[in-house]
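The next part holds the structures, each set out as structure tokens.
What follows is chain A paired twice: with chain B in the first complex and chain C in the second.
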Partner chain A sequence: MQNAKDTFYVALRNRLATVNPNRTMLLRGAQRPSILVEEAEAVVAMLPADTFVLRWTGLTTDTNLPLTLAKMECEMHYTTGGTAAAFGLDRGRALEEMDAEVIGLLTPRSTPKMDYATNPVTQLTTAVFWTAATFMPAATVRDRLTRYAKVAVFAYQEQGEL
Partner chain B sequence: MSADLSIRNYSPIAQRAADALLRSLGGFSVGLMMPSTGVGGAASEIGITPQTYQQLPLSPAIFRRVRVTMNEGEPEKFELAVSASAIATQVGALQLASADALFAQAAGVTVNGKMFLIEAVTAPEAFGQAYLYRLQLREALPEGM
Partner chain C sequence: MSTAAVTYSTPTTPATRRVRAYFAPVNRAMGQPTIFDPSASGGFNLESPPSPWIDLGWIADFSRKSNSAIEALNTGSPAAPLVQMRALIGATVSFRFLTWKKISMALSAGSEHMNLLAPATGAAANGSGSKGIAAASLLAGSTASSLNMAAASLAGFHAGQMVVVDADYAGQTGYVGSGVSAAYVRSAASVNNDPDYVRRVSFNVALVAAVAATGLTLAQPLLAGAPAANMKVQAIEGFVDREGGLFFQEWSALFVMPGEQGERILYHYPRLQPTGGAQEELQALAAPLEWVTLQANFRAMPVIDANDGEQALCFRSFLPSPLTLL
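For the complex of A and B:
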């Protein structure tokens, strides 16, 4: 399952660099697209603004197939307070822009599965595929609008794979 | 009634007074955990390559418990008051735009070798210049690190 999670993240990160090259952040001393895996970063008290945060939650498996099919639930959390130039009055527009980017990031809905634990990175034989995003209602906390989108990510467990 | 638009030149007196107060209250040195630069790429972003940190000394600083009562399983909270001049030195050394950028990059603070996470930062100001930084800290749980 870890390879599928890694592949899903890297695919979305690379797509974000194309969909909106300006959405970048400085994290741990490195400039990168504004998307991160929550469980692979330091614990923070508050979600970073204008950044997509991937949170892995549910996991189910179907073993009645030649290869075990894993279904992983991924939540894409994002929050924005708009821009300082507009004194935050554009936060609704900023959230809508991020909604549109989520759709862009998830299209097309599959990518070849990779093993990032090897050096060099190796391509596996199956693909990682996912459903369309289910958007949850936006929540307002003080000056920030927050939303998350749920995606079900599927991957076959190949022989010898973690 | 008219607004006071007179120009007030910056004076470091508040910062020096705060530093003196911190020292007189037993100010000591704490370490700000900053990620080492130059580590990037997919392996770092998905948790394969371990991140290395450098400790930036901040002094003088005082450390105190925010609340004495505790609930089972809930980490204790603490407050750290740090000299603004120490923060300004590190902001300059790292060539960052502001103290906010410094704290946003930091993974936490070590006090006597123990790790704490930064929950919130406030900075009282005099003449538009911060003279002290107050950090609300939370004890880092083993599973959180």
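For the complex of A and C:
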């Protein structure tokens, strides 16, 4: 399943660079699109602002197929306090902007599965595909608006994959 | 000499999770189904069925039904049964294929199943595919998984391409197709005397794994084995079936239920013919995603059991789990 998770993340990261090139962050010394995988970064007390954080949760498999189909639940968390220039009064607009970006990142809803553990990266034979986002109600915590969207990500386990 | 007594268990209710389907060709011209012998091969490795059985994977909603009728001859007053007789033998079986491939599509559709030949430039449009690019000849030494060809013929082929390998249609009537009786030709005129007709319906298809300087390497062996000298190869784009057509597919079938205690139930239908046309079943995966599976419905046709000369439609075998009382 790791190849599918890596593929999903890289696809969304690359799409974010197109959907909103200005949404970037400095992480571990590198400037890059503001999307990260929570389980692959240092543990932090609170979500970074204006950044998409992918959190992998549920996993189910269907083994009654020639290739096992894995269904992985992914939560896309994001939080914003708006801009300093507007003293945070635009936090609703900022959240709506991120909502729209989530839709853009998830469209189209499939991408070829890649193995990023190899050098050079290799393309596998199946595609990773996913559902549309299910948006959860926004929550207010102090000066920030926070939301997460749930996506079911599907991938076939190809022969030889872990 | 004596041996230690074994520890045995009492029989339990078989529990199974799923059913696996295997099909094998029927020689239609000779009227010969493929017979599965459970005494010799009943315990076969499910991943590697004995030849010529073809693994079509796990299936869903497997359901079989006996349509046999037994009637009684009543005599006396008041009438009472004197003797029973079998008035009819009949059986049907239905299930869903979970994967789409040449054979599962053909079995689901029931009639002629065609290969979409890569179209020739300017060919007239046709619902079951237009005239194909000319077939390429094979050279001697070809095998079921490698096709020797002249270098000049290789330009039209590439890795990842689907191909069909079969003989030119030469005006014959009757069943055609190598390895599998794929269609029945009533007259040369009915198929336009098309040299590609056999390749259009043939089950002798494969995926090209690589193109070498001397020919094609196939990713899967051809169903009919090593090609005959008169066979040619042609690129295909996919498959097509249709609602209509007079031909009935007929295949031998084997269904296996592996039990959780090591027991095995096998259902062998030597002759199955379809009872319906192409039909799919949609099942929710995660809205709006849906599985598209192939519905297949069959009627069992009779064979003669060589052990006693009786007609039979289906053979149900049971291989008990080890060390279980009988």
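Annotations
One rule holds for everything that comes next: the second predicted complex is superposed on the first by the 162 of 162 C-alpha atoms of A that agree within 3 Å, B and C clash if a C-alpha of one lies under 4 Å from a C-alpha of the other, contacts with A are read in each partner's own complex, and residues count from 1 in each chain.
As a convention for this text, a residue touches a chain if its C-beta (ideal position, glycine included) is under 8 Å from a C-beta of that chain, and two chains touch if they have at least 3 such contacts.
The structure presented is a predicted model; accordingly, all values stated were derived computationally and were not measured.
When the shared chain is aligned, no partner comes close enough to touch A:T83: not chain B, not chain C.
In the superposition on chain A, no contact is made by A:T24 with either chain B or chain C. Within the superposed three-chain model, A:T131 lies in touch with chain C and out of touch with chain B [touch as defined at top]. Annotation for chain A, partner touching more residues between chain B and chain C: B.
With both structures placed on the common chain, the touch criterion links A:Y116 to chain B but leaves chain C unconnected. Of the two partner chains placed around the shared chain by superposition, chain C is the only one that A:A152 touches, whereas chain B remains out of contact.
By the touch criterion stated above, A:T68 is placed in contact with neither chain B nor chain C. Using the contact criterion defined above for the overlaid structures, shared-chain residue A:D6 touches chain B, although it does not reach chain C. Overlaid on A, the two complexes show chain B and chain C touching no common residue of chain A. Across the complex, chain B is touched by residues 5-6, 9-10, 13, 26-32, 36-37, 39-40, 42-45, 116-117, 121 of chain A. The residues of chain C lying in touch with chain A in their complex are 17-18, 57-58, 60, 98-99, 285-289. Interface of chain B with chain A (complex): residues 34-40, 42-48, 51, 101, 104-105, 107-108, 117-120, 138, 140, 144-145.
Against chain C, the residues of chain A that register as touching in their complex are 64-66, 71, 129, 131-132, 152, 154.
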